[in-house]
Amino acid sequence: MKKLFVVLLMGALLVSAQGLVFAEAVGVTEPITITFWHARGSTVDAEWLANSINKFNATNTLGITVEGVYQGYFSDVQAKTLASIAAGDPPTIAEISCTAIPVLATQDLLVDLTPYVERDGFDMDNIVEAVSDYIYYDGQIITMPYTRGTAIMYYNKDMYAEVGLDRAPTTLEELNHYAKLIYENSDGAVKGIGYTIEANYYQHYLVQSLNGMGILDADGSGASCLEDGSLLQFLTDWFEWTEEGWCAVPALSSASSVVQENFNNKSLAAFVSSSNRATTISNNAKANGINLGMAFTVGYGGYSAPIGGGSLGIINRGNTDQEIAAAWEFMKFLMTDEQVAGNHVATGVLPATYSSIETDIIQECWAENEGYKLSYEQLDFASEIRFSPYVSEWSSIVKSAMSQLIQGRNITPEEVVQNLKDEAAALF
Amino acid sequence: MHSKYTGFKLRRLAVSGISFTFKLFMLVLFLFPFYWMIVTSFKTYGGSIVFPPTLLPHTFTLEAFEQVFTRLNLWNYLKNSVIVTVAVIVIQTLIGVPAAYAFSRYSFKGRGIMLALVMAAFMVPTQITFITVYIMMSKLRWLNTLLPQIVPFGASAYGIFLLRQAFMQVPTDIIEAARLDNAGEIKIMTRIMLPAAKSSLMTVTLFSFVGSWNSYFWPLVMSNAEKVRPLTLAIERLKDQDAGINWPVIMAGNMIMVLPVLLIFLLMSNKIISSMGYRGIK
Amino acid sequence: MAKIEFLDVHKSFGSAKVIENLNLTLEDGKFNVLVGPSGCGKTTLLRMIAGIGPATKGQILLDGEDVSNIPPGKRGVAMVFQSYAIYPMMTVRQNIEFGLKNNRVPKAERERRISEVSQVVGLAPYLGRKPSQLSGGQRQRVALARAMVKEPKVFLMDEPLSNLDAKLRGAMRSELVQLHKQLKTTFVYVTHDQVEAMAMGDCIILMDQGKIMQQSDPETMYRDPNNIFAAQFIGTPPTNIVEIGSENFKLGFRPETIILSANAGPDRAFTRRVKIMTREMLGAETFYKLCLEDGQEAMARLTNSSLAEGDTLYLQVDEDNLYFFDAKGNRVRKTGSQHYDAMVERVKRSHES
Amino acid sequence: MPYVMVAPAMTFLLVFTFYPLANLVYLSFFRYNLISDKVFIGLTNYRNLLFVKKDFIQALKNTALYSFAVVFFTILLAILFALWLEKDSKINRFLQKSMFTPYLIAMVSTAYIWSWMFDVDSGLLNAALAFVKLSPLRWLNDSSLAIWCIVIVSVWKSLGYYLLIVLASLKSIPSEIIEAAELDNTPWLRKFFRIILPMISPQIFFLLITITISSFKVFDSVRVMTNGGPGNATDVLVTYIHRYAFQMNMRVGYASAAGSLLLGILMILTVFYFRFAGRRVHYQ
């Protein structure tokens, strides 16, 4: 099925003829300014990125100046980028989420980096395999991993120890059992576990541990989780957990920060969040005197984890060869060991190259803080949502449906699944 | 008969007492949120999430304001808000006044249709037209400039309509007297019509001001770069996605945005209130 | 049927005192006319009776009962407003019926009264119309009918004819007088028009600056004014007031009592040489503006139209037609004043000197 | 001469209001995402909106509920407050000013302030509930309460302005009419329904139209306070159109169809008002 899909897409591209233009790698010949749109808004992220950009601007010998523009969440970057491409005035390079890459790639909006990779002898094999899925499309190299992350379980070690678990849970069943205990022991003051709603991320891996696929099929053009009962089971369970009280109902806006707030004021014992927030979360935990544990995320019957986050892509429309070449230089800079390792240590995003892992920066960090190492190790069994042009819209629909059930609480899981079936029929 | 009405005054007294208490309650209801914004902005983050909340900051701090200024290039947003607002007011006046004058004082072919168009435009929300205006702006490559926030508002249907009403109230005799005194059209407009329509003009200006300064939806859609975004979009930037919502910082940002409007209102409240009321009568 | 009494009534709007310490009795069943220049407080008095502009201090008695704390709708008064104040959204019938409904008058009774009243004022064919479809005179009748139908103890009217054209006004005037004769209730009628007041009132209350200047029947008001204000307010042209040398009193005489002749008759009380300044021929009568030798002016109203501008003649007035006023403007009458004869003497001599 | 004077205004209106409107309707028949080529698909977008997808109907229902509630409560309260504050006194003037203040403030600011007060964990309203020993509410997180929270904020923000308009219209009633009613011994309620309300009906009618139209345009408060959630419990037409036009792969054609439907609704409402409500309005 997947192959057929790719063939169809290729056909479409051939017909449109734009896919036939192969860019040649050029060199930057004169001073140039390029814009970089990103979603790195949190304090540590912004600080690290500002350092990166300043360093690149100061050290590159080609006269390239990068101007970083924070555009909000990943969804905002996606929307603004698409809109600006249509407007003919896009950024040169952007941090694009995994859900957005297929949307841009299938419309042939990303520069094929192959000529540059070949020209500069960039070692593609150095890229960590687990985060290389979204690099290739249709035989081209379209992105470089930048802020890839996986979901991690953050938990309050002391609280779990109090109810008799002196290690992290290894299955969902175990996690739930202890979460319940914590809740009951505190007379309902402390919730055992909390999730935010990230349909293509945390919830995806929970469904995946049931049906091996998650919320979207392997070929990216269907959602059999609706039919095989896995989504219904997960939704019923989740609703039940929140009903019983030990699983926190996510807040409507800024859910992720509310979850952390609750964790920090000790009314929540554990939550699942991106490894990309590891630094922020560790700092806050330390400040609040919390014995923070980081652990593999668990699904039904064992470990299960998603991969997500963002990659760097260069926009091919509305940019000159010079701008594209300059963006490639910047991209290459961000892929240097020092930058990759620094990015990982400073913020928690996954290290994307094997060589960066060998650096002292990372090795020292890992020796001190096993949580960062653990996020990398989790990649062994983590998986990404399928590369599909539907992923963006579908996950938005699923997210809204989950919100209706878990936050709105005025609908049954069966109704949610039925509604999703209708939506799926309209979408796929 | 007599005793029947002795309660008349007593009852009135009781009613006015209850009425007064309720008025105080309403004052709190409408002013307290502003107070809350101000107080929160002077609290520390820790002080802001204490439950139950305190009516005064435990420790009075300007930390939140410092954060606003370090995290945002506030002058950029402020500058954009000011430029857009001033430009919109000026252009709307320059375009609206002659149109309203022509509609009120001349009869010409197509006047009826044009007036109907103005009325229709008054009913059409920008929240519908934004998609296609966006496409237009993108084709003009204006999205990295302030123009999309200014130019589409060049003509205010509402302003034209209101000014026309005001101009029509000016007695024809005065205009004819001015013509006999050999005054040109421009002189009639600026020396007779505008002073006569001062109250309406003020209302229109105030609405333009409030509309542009407070506009959120339009710049959200029509800006692609930070350098063209107004204050209304700045507050969003004060939310840290990853850490908790720092309400003092958000309220501090909010205060900076609200303050100019509140100041203008405090200085001119009587005029503003009476010109608003005037609008209602028409 | 009601007698209306004002006892020590004060009224102020903010800091402006409009009426101070006013005492007044309006007799039962009379057509009372409150007349005076605008701002004299006549409408204020009317609104006090109605209860829609209560007195600041003092009592108002209706048939001896203090009504100060009785709401307007329960005083048994009806009012016709200058602007008519008919309800624009109601038909003529609804307008007339509204007050009756509020007072819970049974339906049959309402029907009877409405048809009766609409017959009287001639509105029967228009009962279904909206006020906007009526002429000014018809609206006025609606206002009247609305007041009449309530069968009030007191009828209050605030310049009800001022918005009508001259011809209609004349007709309505006599209709109102007739109406009063039929109803025999107390009417209180406010006007600034002295002609209207004279033509309609049984009892005229002349006011100025919140004070009652004179209260009397029209005849007395005209023939026997209490003060310069009354003498000058009533009558057209107003009473002439002249000063006599350096005397501390003033002399008044109505323009129609003037005798103009080439030779001064010997036995007239007041004689002056005058020159005709202007002449206004009005048909039956002619107004002459006269200039006395000492520069004072007087108006004469004569049937003789043969005199011409520039003529120099003798102005004479009989003693009976002279009014004497003291320095404050109050009338000095023959009875009750020992100075009267001396004043007449001084006037007679003033010409010879 | 008059043509020269109206030409700039008419040009602006044609270019930025009427051409975009026509274009909007045109685009609604296409599959188009700004980048791709336009593909004519007839009424498919409309079919998807109305019969296939459930979210548009939900957004429509939310908008209708919101608009109805805002129109009803704003007008009701504006009239009640106007009657109550009609007398010209210092405290009344001050109260009018205070109530008007929120109208001048950006909806974004207002929404942030109220979000903060609605905050479940450390918000003022839950603190107040706790103070009177009531259990806290989930406010914006509660799917049945959230839309009412947004209604409250909207009414709170604009009540003062509409109050001023109603006050002015009350003052334009000739005082004699009210006095005549008093002399007619009219009970309070009847005086209001038979005299005052008909007299101010043109202004109320005007408010009805403007508030309805502005309610259908609601966006800022929803975006800041709930972003349409929980689920799509507070999703309204404009957030819906915005989402499809600028997220969701920029489905401009689809969003245009939604916009065209919104336009249609506004037109029908306006005509309805003028036809039916207009008949009952008293014009002097």
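Observations on the model:
When the chains are written out, they are named A, B, C and D in that same order, and each has its own residue count from 1.
Convention: a contact is a pair of C-beta atoms (placed from the backbone, for glycine too) under 8 Å apart; a residue touches a chain by one contact, two chains touch by 3 or more.
Everything numeric here is computed off the predicted structure, so don't read it as measured data.
The chain with its Cα centroid farthest from the Cα centroid of subunit D is C. In terms of C-beta pairs in contact, B-D outnumbers the other of C-D and B-D. Inter-chain centre distance (subunit C to subunit D, centres taken as mean C-alpha positions): 57 Å.
We define each chain's centre as the mean of its Cα atoms; on that basis subunit A and subunit C are separated by 94 Å. Mean C-alpha position of subunit B lies 16 Å from that of subunit D.
Centre to centre, using the average C-alpha position, subunit A and subunit B are separated by 41 Å.
For subunit D, residues that reach two or more other chains under the stated contact definition are 34, 121, 246.
For subunit A, residues that reach two or more other chains under the stated contact definition are 83, 86-87, 258, 261. In subunit C, the residues touching two or more other chains are 71, 74.
Contact residues of subunit A toward subunit B in the complex are 35, 41-45, 69-70, 72-73, 80, 83-84, 86-89, 254, 256-258, 260-261, 264-265, 277, 280-281, 284.
Listing the residues of subunit D that touch subunit B in their complex gives 1-6, 8-14, 16-21, 23-24, 27, 34, 84, 91-110, 112-114, 116-117, 119, 121-124, 127, 130-131, 156, 160-161, 164-169, 171-172, 203, 213-214, 216-217, 219-220, 223, 238, 241-242, 245-246, 252, 255-256, 259, 262-263, 266, 270. The touching residues of subunit C, when paired with subunit D in their complex, are 47, 50-52, 71-74, 77-79, 81-90, 98-99, 102-103, 132, 146, 150. Residues 19-20, 23, 26-27, 29-31, 33-34, 36-37, 40, 48-53, 95-96, 98-99, 101-103, 106, 108, 111, 114, 117-118, 120-121, 123-136, 138, 151-155, 157, 160, 185, 210, 213-217, 220-221, 232, 235, 247, 250-251, 254, 257-258, 261-262, 265, 269, 272-273, 276-281 of subunit B are the ones that touch subunit D when the two sit in their complex. Across the complex, subunit D meets subunit A through its residues 33-36, 48, 52-55, 115, 120-121, 140-144, 146, 225-233, 246-250.
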